[in-house]
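Dropping the structures in below, format is structure tokens.
In what comes next, subunit A is part of two complexes: it sits with subunit B in the first one and with subunit C in the second one.
For the complex of A and B:
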């Protein structure tokens, strides 16, 4: 990890970037996102398996963009998120230095986004074992049982919108749920609208999810909301043979078609 | 405060037979905001419309709901009536209580209840309607016709004779299409070239027509009245202004053994060539793939013999953009070749040929000078078998449709053969004889009765070679499926007509839909047969489905009439029911974040990028913008937009939400 710190120092002191977005130790030994803008602070940067925040979230926000050019510490799921956000015109290559970190905690430097594309295609990331098990369990259920499962889970939702807040793909500054003329989805902290909210969010992430699992991680009520997106991601892979975040081509999985698609009904 | 008028129509008994119209009207009068509610026998009649007009003035209505038939039927009528009474036409809505209610239900209480519900929804909707203004777009009065077969020629001539500029784009070196290859045409047996070539010359000489042969459309932008067509003019390797078409180069060219496309491979052509003597334009092109100079870097014989120094070996392809107001697709069809049929020898028997090859054999200008000689040894076949429906109407071959022209041309082929080989015997294997058309059935009867063609109703299962003969094995279903074997000297397969290669690609370039056989799709199979789903693009001829010459010409004239109708206006008026991306004050500009995921889903290419910049050119934000001239109001982008930044005029979020709520509120009661 010294390499990461050195690189961050070098970038900051040379003025190549004005801020490095990474991870640091927070209160109670937990990991939290860090924004380092002075070379001497770079020593607090770290990376380990507990670093789960999807830092891509900060790369297009006005608050961070205002500081200046950014460098970002990017584990594989952040790399994927960067690619998705690039295809959606939310990131520009020349405004960002990407400090990739492998699961083996090694630093990889990318000269350009094309190299990221190559790397993520060579290094597939799987689901965590516990998520995989959970999905298998859900898929083994009958439709009614599954419905009941999610009814129960969503009944816990307090609509704090932490899932939305932590997801880099929720890049709209006005969400559907904030749209109030008319108010399609009830936003109060009661059960009305809970299902609508989570299904709407899952649909909006279909074909765009980098499978970081942050939404489930952020949920204060422990709703495994990330499994919805994970399952859709699996379905899309089965149907279209592709996953989000592996390409720089500006074609979203679910809003484009190709003449050699298997499903020719769409023509 | 809304002042809504409700007008319930009986439609004679169409609605009133199952719906209690006066109770629907009475119920509506109690709805919040409704100040006037009546029922009437025929709302669309003059007195009915007057009823609406007077009510608008008398009750100072701010919205009108007409509960009657489908808006497809009479929405324009009632909106016009409202406009005449001074109410913005888009403040008038129709509640469909006929197709959606009275016609599909029995006379019961719940039918009347449903009519009440439908009216209630529309009352709630119309309260949220906005006064909209029609969109006006200018029209470029120039048409691009793609494809120079008989359909493209006809469409071009009709539009040009109507006084407008036409650019005719043809992929091949000459216009004429398949019709120029035909020997004679059914049902009159007049010579195809004799009737076509004068038209081709007319195209070349018409002051309103520009002809670009050897050119392809490679891109299309814009919308009805305002297209930008990108065209690649392939290098012909000659200077057309200098070339006089003397033909010396084509005579001297040492490469002579190239199978001629025009002769369907039965004849040859040189590397510098015109496809046929009557070609328009009658100036040669160099086939770069076969020219010795392009292959080996030396020869240039044509350059030496050219009396006007017109040869240009270094000529590049030229890409040109053309403005046009309308486009006619007339790219025609192709046929399956004999190699498509494993059961008929995969194309390995020289004397099994397709229909177009027979046309060339029978043509006076063809490779045999009009003598029917078989390709293998030049002998005159004494027994000839014609196989109709080769591939067509055959789900196993993936071609389920009828190719339509084969019954007629097979009868013609048999007759032409008989007229030239008096002692020969023509056989025709057929599934059905489809000869619907003016003088068509008489024609096929003539082939059978006068020219003694032996028609056998059944299909051919196999063709194989035996001792210099082709044994055709088929069944005669009129003899109870008895096996028939004919030893033939030559076999002509009436192979299926299929979409032209490249039609799918072109459809995608110009954004028109196409069917599963890759023929272009019309907007409505009966009522809009020459329109496509893309406004301003029309269809002519066999690019839409197999068509014979009269049909192709009619369709072409139909398409031309549509183009002329379009060009009769200086501006187009469009319904303002289009999607719009919201705008707000800087620094937000819009709730759109510019992800542009809406762009690929738009079937009409209507979504553009709008950039907001500072005075010194720094980009502040890029957001989506919908071109109202192109948008057809389908709403796909509205549904896709995650931030709900797009709304559809006339069917806004608010309106739809209110309608749904109005329905649910009552259901919950």
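For the complex of A and C:
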């Protein structure tokens, strides 16, 4: 990953960008997001398979935008997130320097977002074996078993909203769960409040998920919340033939429609 | 023991199904009285959170109905709604909710008889399924929480 460090140094010392958002080693050998604004600090940047944070989260926040032009270290799921955020008008096209990193830990430079679009279409990301297995298990269950499974999982929820806080797609200034007039989602972390929250969250992410799995990763209670998004992502692909984060076309799944959408349940 | 009479909430659009239900009445057609109709400007306005709320407040079944495709008063509200329901229904399945308790339909302003049939059939099918205890038990957690957090 020396290439990445060199590139970051070059960008910072030439003044092309004011900050590089990347990964560094944190306490206890864990990886954490890093904001590098001096060329001499670029040496702490790294990339490996443990880098799971979705850095697209920081690209549109006031706190980071204020620093100036940004470069971002972008594994495939960050690249997808950047495309989704662009189609949702959260990022301006070509407004940042994207330092793509492949799963093989190679650096790819993108001259513009159009090139990202081409690249992500040529390099599909598969699900982790562990997640694939869990989805198969869930699909093999009867509906009542699935209900019980999720009720058990949600009963652990403490409503810390880490899943929301870590997701770049949760870009609303004010989330539905924060409204109290009307109160859509009860604030308490009881059965109903937890269920409503997770159903609402998954619905609001349907068709917009970059499948990074960071929500499940962030959960302090180890609830596999990401599986809800992963599963609906697969279903949406079956129903509409599209996946989020593969296009720069401004056509979000649920804000567009086709007259020939095929369903089998409306009488 | 009285026979179980399901509570059904119907979310309908102002322009087609509400007028259709009105026609059922003016045509003197009798139909099951279990349904509570809530009128919306358009099916596109019917947020999935409203359906969650209906179940949480004790509904055993839900009807969602609006204009046929291409008949929307606002041109495309029902097309948007159709996509949303396709995704929402699948999401409910994935989470183990009994999605067949939500009946979706297109009922135009001229289909008074279809509305009567729709309600009757829905009531029959929900009677077979019985009360939605699972969801209602879950919803009780809110009441308990409210009592302890007064």
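Methods note: the second predicted complex is superposed on the first by the 252 of 267 C-alpha atoms of A that agree within 3 Å, B and C clash if a C-alpha of one lies under 4 Å from a C-alpha of the other, contacts with A are read in each partner's own complex, and residues count from 1 in each chain.
By definition in this document, contacts are C-beta pairs under 8 Å (C-beta built on N, C-alpha and C of every residue); 3 or more make two chains touch, one makes a residue touch a chain.
Predicted model, so just to flag it, every value in this text is computed and none were measured.
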Which of subunit B and subunit C A:173 touches, first, second, both or neither: first
Touched partner set for A:89, first subunit B, second subunit C, both or neither: first
Touching partner for A:186 - first (subunit B), second (subunit C), both, neither: second
Partner chain(s) touched by A:102 [first = subunit B, second = subunit C, both, neither]: neither
Touching partner for A:138 - first (subunit B), second (subunit C), both, neither: second
Which of subunit B and subunit C A:112 touches, first, second, both or neither: neither
Which of subunit B and subunit C A:251 touches, first, second, both or neither: first
Touched subunit A residues, subunit B compared with subunit C: C
Overlap of subunit C and subunit B interfaces on subunit A (superposed complexes): 176, 184, 255-256, 259, 267
Complex contacts: residues of subunit A adjacent to subunit B: 88-90, 171-176, 179, 181-182, 184, 204, 250-252, 255-256, 259, 264, 267
Contact footprint of subunit C on subunit A as seen in their complex: 138, 143-151, 176, 184, 186, 188, 190-193, 195-196, 198-200, 202-203, 206-207, 228, 231-232, 235-236, 239, 253-259, 261, 263, 265-267
Interface residues, subunit C side, partner subunit A - complex: 48-49, 52-53, 56, 69-70, 76, 79-80, 82-98, 103-106, 118, 134, 138-139, 141-142, 144-145, 149
Subunit A partner contacts - residues on subunit B that touch it in the complex: 504, 508, 513-514, 516, 588, 591, 593-598, 600-601, 622, 640, 642-645, 653-654, 657-658, 661
